[in-house]
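Chain lettering (A, B and C) follows the sequence in which the chains are written, and residue indices restart at 1 in each chain.
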Amino acid sequence: MVLREVSLAIPAGHFLALLGPNGAGKTTLLRILALLIPPTSGEVRLGGRPAAEAGLSLRRQIGVVSHNTLLYGHLTAAENLLFYARLYGVTERQQRVREVMEEVGLAYAWHEQVRTFSRGMQQRLAIARALLARPRILFLDEPYTGLDPQALEVLQAVLARLKQEGCTILLITHNLEQGLDLADEIAVLVRGSLVYHGPRAAVNSHSLADFFRGQAGGNA
Amino acid sequence: MSAGKVHAGRRLSGWVAAVLMLVALYAIFFYAPLEQTMREVQKIFYIHVGTAWNAFLAFFIVFLASLLYLRKREERWDDLAAVSAEIGVLFTTMVLLTGPIWAKSAWNTWWTWEPRLTTTLVLWFIYLAYLLVRAGVVEETRRATIAAAFGIIGFADVPVVYLSVRWWRLSHPIIFGGGGGGLHPAMLVALIISVFAFTALYLYLLQMGLTVRQLERRVRHLKEGWRERYE
Amino acid sequence: MRQAWEQLRALIWKDLALELRTKDMLSAMLIFSFLVMVVFAFALRPEAATTRAVFPGILWVDFSFAGLLGLNRAFAHERANDCLTGLLLAPLDPVLIYAAKVISNFLFLALVEAISLPLFFAFFNYPWSGAAAALLAILFLGTLGFAAVGTFLAALAANTRTGEVLLPLILFPVLVPVLLAAVQGTALALAGQTGPALAAWLRLLAVYDIIFCVLAALLFPYLLEP
């Protein structure tokens, strides 16, 4: 049992940063919310509808950026995105793929195989992949790890734009500087339990850092 | 179920199995007449059929338990499948050992590709595969599901194997046919008692096995509880 | 429904494109098939009548081994970069993932068979006097059965510690009817005897294929749970 009685509600259009030490269950929570694994008890509701009843159409509204790129190394950037566009039923594929690739600054790498990309480029393409179907909900699992400054800029710009357009965002991060800037709310998960959930303004990033150092020490 | 009742239930089934086995032994060696040509060796036929019936029954139970587990996700169905498979592979091995003994005496050949025996051989391999799958899945949470999926596929294979081997044999008939034909009534009685006796043995072993698994699980839960409390 | 068809085509395209780029599976399967053929030629005397009699068996043993090699790699691309999660996140019925893999594995194996078969006839000096249509039918149904069950069990074995070593052990017992029917049917087809016996084997293969395709499709989602 990884998660214990977690009850979390995120209002539409809000940006929640989910923090916590390693092994707290953050990734598991994200996978449940992204409808990858069913919860052992309780239910997931997205946009007010219970996920179990909504069927496959709900997945079209969800975008996920994971620390794995979910990209096929031997296919080109365009082939990867066009493939996923077909799976998600994106209309006018070519145009949409061009759009997202331009937004992440990879339009020049249209015909390059993904395995030739740097880590930063791959992460940018992964972000583009998540944006293809214009998701209403975006989940990000530690997207900042290993990003070069250019990719970082792109990610922040994308998050800012999505937030402005009313997308609901859940960001898991260790990076207290970058992650918290755009957040509306903070939640902290420790050993499977939600120990804190409140507005961003009420939290000071220094006190958080101390809190985590304390947790890490206790977990030795 | 209270511990007392379970214990009593096990003892009862143990006694039933023991008694039936003794009755069966008496029936086989004293009640049933000696067969004309094969004499004493023929008596292995009763063990052969008794274990064969249970070998297939055990796998049918694996199949049912697998279906029930996938449907209800209750651990006890997974336990049933696991234990039934362990017992089943033993019974199947006995069928494959008693078969050649019979065959050598009856037809002077160690092995015959007769449909039922061949299907039992394939069943043996499917059992082994099932047990290997169970042993191979590392994550406990997934083991039951993966094993159940294989249990269902494996069982679905058995009738198809039987049919295909039968067709195969029809196109290449062997000189010696299988058993069957007219059985002396006393032999039939002994056969039926043997089947019941081995089934009782199967049920007894099943109960013991299930108890072991439940105890193992209790121990694991206790350990986990202590670990969480003191860390 | 239209959407599902489009998704299926996308998945098949992806498998074929990846294979064409890397040529991992196909080259290994082709070389291994050729190698096994040569080993058989060394083990038996190609001109002997006894070898002619077991020729159908040799064919299917060869195809099975080559197929096994291919199956081991079947989900390799999905494991890299956790691409399987990418597929599971999509608004996609998981059964389509299975169907697409079966079709692409079938195509790869069929290609290997198409190339190996003439080589077999050449290396074993096997006289051709058989019924081509019947042979093709047996090859089609047999390979389909192999692909359907093999893909399912490859996905199953991927969940185990011993994975690739386990696959042949769990696959061959379940494939027994296919191998029996395919070998017997091939023998009849090569001898030109397209009578009721051959029809019976074809029916058996068809029934097997239907049962196991349906069963595997129903059970496949259980293999994907994390």
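A few comments on the model shown:
Assume a contact is a pair of C-beta atoms (placed from the backbone, for glycine too) under 8 Å apart; a residue touches a chain by one contact, two chains touch by 3 or more.
Bear in mind that the values here come from a model prediction, so they are computed numbers and not experimental data.
Where touching is counted per the definition, chain B and chain C have no chain in common. Among the other chains, the CA centroid farthest from that of chain A is the one of B.
In terms of Cα centroid distance from the overall Cα mean, chain C ranks first. A separation of 32 Å divides the Cα centre of chain B from that of chain C. Centres computed as Cα averages put chain A at a distance of 51 Å from chain B.
Averaged Cα coordinates give chain A a centre that lies 39 Å from the centre of chain C. Chain C has residues 225 in contact with two or more other chains. Chain A makes touch with chain C in their complex at residues 31, 34-37, 56-60, 62, 64, 66, 68-75, 79, 83-84, 86-89, 113, 129. Partner chain B is touched in their complex by these residues of chain C: 149, 152-153, 156-157, 159-163, 166, 169-170, 172-174, 176-177, 180-181, 184, 197, 200-201, 204, 207-208, 211-212, 215-216, 219, 222-223, 225.
Across the interface of their complex, chain C is touched by residues 70, 122, 125-126, 128-129, 132-133, 136-138, 142, 145-146, 148-150, 152-154, 156-157, 160-161, 163-165, 167-168, 171 of chain B. Considering their complex, residues 3, 6-7, 9-11, 13-14, 17-18, 21-22, 77, 80-83, 85-93, 225-226 of chain C touch chain A.
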